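Chains: A, B, C and D, in written order; residue numbering restarts at 1 for each.
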């Protein structure tokens, strides 16, 4: 149990290092003058001009050497200080604290919905491989996986929000608002996890121990509950770890589409506006969220699979 | 060498059909996919233009064909680049083991610590509208998958008696790669490649969606969708085309990947 | 886990799924509250950044939280705001503003001249119109505010009407003069301010002009036009601004909505580097202008035929628009002839060549205004028809500004507001001054134009001013330092559950206090 | 004596008839073994009786268990109802049959609660007792992955029988076990049966019926060719196949004369090797001469294979020296593997594989046909992939490819442990012939003492407790202490 924790801690450090160096190097090499972007981001196109930009340039101390700026960022990070957004001039931590809640709500709702949708269907299909449900689910899954996330989102909006008026299309603040964006993410996740569940079910039900459970004399339901469920769940939960990448990436696209005031949305904007502290802050938090969720998956795997605890 | 299932054949057939469409249309229908004619905007399919026109009066048939060429081209290039690097390093790591393996795994783990889209977004932001950051970014994300799969297989193959036998029988590393590794890696490469291509098609479209992809007027599927999205009520058949094409492309690639999940 | 527990788990999981499916629509069930308490949602594309008036002041004046000393009517003519009236000295150097009495800030403080002076001085220190005015001092004098100028400056009133010049309570500022809370005098007060998306306001019951009808309103910034359209279609928002052209038609057919479009003093034009060897010749600029099918763009892309620009100033700018000017029209043959006259000859692919060099240019534009990329695409296509090979670079709008500064810009397609403050004069001084302007002329200047602008600045007489304004229009029309393409219309879709909706052409206010719910 | 299982005209139909109509009787207290080689249909016969035939195969005829006709049972569920209650079906490979994520005790416990419907506490006590009776106290809290093969075998046995079924059907219960463990497993089955239970065992190993006693049936190509009490059938076989089968048992092989000693090939002095922190052997010294056969025995995992690999130079020793006669290049030191299909590139036809080898070393293809002839391989096999021919044939090919290189040393690592008895005898015979005729030194590793005993000139026994046992003992003098 110590090794996985150490592994995740190392990964978290790696994320911090990578985000720091990468975003810094990239942003420094971006085309155009940073002061322009910052001025533009702050004041908008009607007010920004050369004079405004000059004022911004002086206020930002952008002439600082890159290495020094990077070092000071790491130094600040150690003190849990992510700096001040160049655009809003508010502390990055405050902005992220506000956005992170929204993103986590979205991500976790999506994960929950996907777990409710995908694996149960996959298990049902896997119990009768080659059956009608299996084939239908295969077709559905492969089609859904061929749809880009934003298309799924738009289809859902037009379908559920406009035509049927069931759900609010966009916005934030009420419980109902999370459903569509979360569903958009969840459908993509479920399309894959139902196949994982299906394959796992087939593998388990054709395994020697499942067969042994039957010939031992266990009733099918007993056998499924005692030897099927846990063994099917292990690969599904493990796969959740793989899907987290999709989730985090999806958050970027889906938040933009649904005007969800989360961290992915903030990241895209920060990149466009060249708000280096925000980019580093958001990328760092997203990376750490990824690591943390992965650690959560580890814990769940450990809880499900006693082999992890003993080996 | 690689035996394809029925579904995989269907995927190959579909992909060939799309490629034929992409390459054949310009041969049959003369014209320029970026040529506008505002008086012919949003003509429905079936009229003077077989697939209709977009809001700028550009021929959808030509645009779709060009967009498929672009998507396939990017997909092919990125997967090929990532494939060559990934397989070569994967075999190297798997077959050599030791510090080579540890070093390469370290690099791969580092890249995996961060979601790929983030990497691509940052790279694309360096040179908006250019192709190379797209190629580089997508390849950088894809090669890790090749590497991991190839390495896992190579580890297994390297430990197999067949490879040991080959060595004892006096065969060199190239022979072993050709006769032992490659036949087993080929199907994996195909699967990963098909998945990678699908990922690449999707990523490029998603970047088009956040306006950081290929620059207009070059026809690109994601951007076409966004351009046409507002007309969903007015010209649904036009909007459906790029969506359908993306779905078919990714579907074909997913089918080739064997409907597998990973 | 025992099997029984597992079974229970399974049952729970089924229930959860069912519950998710059944309960989620409830979240959207129509609010059962009294009509009076209904909250209004307004969606527009501008994201909120912070409380600084120079950065985000427009959001607070639009939501009627903050007000300015001087207001403007639908034509941009100054009218009393927090100042009841004003007088200028004969030399035009001293302005005295009489303050409205009985005005209270949202924190209950009564507004005094000192408060106003403080607010204006803070505004002067930040980027914005006021910082560009030749102000010597702002002082309080017996309940009035006195502004002393270094030289006569006719657009002062207009500058005071700029949202960046809004009057806030002293408690709004911190020690360094930065605004931390927006405490204004308007009919609405800030209830919640969550950048980048949310601004919630509630009615300020002791507003000097009497309380508004609608109790609560939310401003929601939504970047994508598709999303905005969807929100008004699904009923999540009652008012949506900045519709993309394609949605305008669709939304106008929606029986639950009405769509309004009002011409505003903003114009899409091509900014030209007149110092570029290919573009320094007036004939080249004329040829580019003649090649443009403005009506085609207005109809095909903006879907509003009347927006095709016939000159720089749209008719909404009253005194500046000169109907006597010959309209800008398309004449491809004439354009080709002009280029041929300059010595350009058709080369391969129909692109013109001279001395082995191809006529190739790059047009920069930006996607913040969703119309720009399509217009750029159309322009490139129309220019190609006369043999000019133009490639499009869609990037950040600051690329155009920095391109202006470092001289690398060739062509830029911009959407320029001619009236950041209600009077376009300030904008014109900035854009077409002797050194050109970031958003205007580049490597181009015209002494006659400078002189005409100067005349307007100093003029105290309407007639003299009008003649000078016509001269300005004529010079810009003739010389084409920028090529106007289409004028702007502000579009909005409004739910029919509201009445009294109007678009302010100067985008100063959403006029919330005039709205009421349909009974 | 009560007849517990009674089959008449029992046949299994697949694409073609796989098990011909067969009759057998299993009586209480009398173990019954079906003996046969791979593909003889013995497993299918057992599955037909137990009702566990794979999809696509159907049984016909009549099967009575405890006097009840089970094939005719209208509903599959009723058939299932026999499982665990009337018949306990012991899995082939117990380590694959135990749920890897469930602790050993719980896999036994569920039989008591779910099938016998004991209350929780009583089931717990019963589990504890059942495990203790087989010395599995320690195993209770362990996961299958933490159990040794023998322990897994016993846990599976307890789990299968927890439902209280009197009849045990065991399919290849000794597969993959070395001799000692094999005997333990057989004893376990026999004890478990008692005097009233039934026991049906499927095996390819003659040692099983020998130790079990009771009755035996010999199966060949889908039919029982001979059956009866073990003593009678094995001592007085009537069928020619049975006779060959018995003769193929290494114990029955004729003694071979030891070879005259040739040149020194490999000299080993003070050799030591450890793996995973455990010493496999140390201070091992011996000399292998040309034409000599040295046998290596020991329980699985004791380092037999490592010894061979050390001699080949594939792995390096931890201590001591290995001197190979430098007159011959490394290429002429070769190896034959345990699992023939694993030692060939699966996608290549044998013609391609051999062709590659011939080309690589500039040999003439002419040399291949005579060798094939001598190894008893038909040329038709050349165009098949390794997976397309039998294990015995493939093992001959692996011998063939080494012979093309004129080996002076051959390390044969359990070369016949995956093969049937008769094939084993043929392959070992060939190897022996090669060693004697070409003067090739042979290091033969096997877990089968009897086999080594018959073939080797000298024996090295490696044991787990005693770090090193008896180098250079005469073959008649195998240290029996090497058992675990």
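Operating definition for what follows: contacts are C-beta pairs under 8 Å (C-beta built on N, C-alpha and C of every residue); 3 or more make two chains touch, one makes a residue touch a chain.
Computed from a predicted model, the values in this text were never measured in an experiment.
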item	value
Label of the chain whose CA centroid is most distant from the centroid of chain A	D
Pair joined by the larger number of C-beta contacts - A-D, A-B	A-B
Chain whose Cα mean lies nearest the overall Cα mean	A
Distance between the centres, which are taken as Cα means, of chain D and chain C, whole angstrom	85
Centroid spacing, where centroids are CA-atom means, of chain A and chain D in whole angstrom	51
Centre-to-centre distance between chain B and chain A (centres being mean Cα positions), rounded to whole Å	22
Rounded Å distance, chain B centre to chain C centre (Cα mean)	42
Where chain A touches two or more other chains, by residue	31, 154, 158, 222, 226, 256
Chain C residues counted as touching two or more neighbouring chains	226, 395
Contact pairs between chains, per stated definition	A-B, A-C, A-D, B-C, B-D
Of chain D, residues touching chain A in the complex	50, 52, 80-81, 83-85, 88-89, 91-93, 96-103, 110-111, 114-115, 143, 145-146, 156, 159-160, 162-163, 165
Residue ranges of chain D in contact with chain B within the complex	312, 314, 331, 333-335, 337-339, 342-348, 353, 356-357, 360-361, 398, 401-402, 405
Residue numbers on chain A that touch chain B, as the complex places them	11, 14-15, 18-19, 22-23, 26, 29-31, 138, 142-143, 145-151, 154, 158, 192, 195-196, 199, 239, 242, 245, 248-249, 252-253, 256, 267-268, 271, 283, 286-287, 290-291
Complex interface listing, chain B residues touching chain C	34-36, 38-39, 41, 55-57, 128-129, 211, 215-217, 226-227, 229-231, 233-234
Residue ranges of chain A touching chain D (in the complex, touch as defined)	207-209, 211-219, 222, 226-227, 230-231, 234, 304-307, 310-311
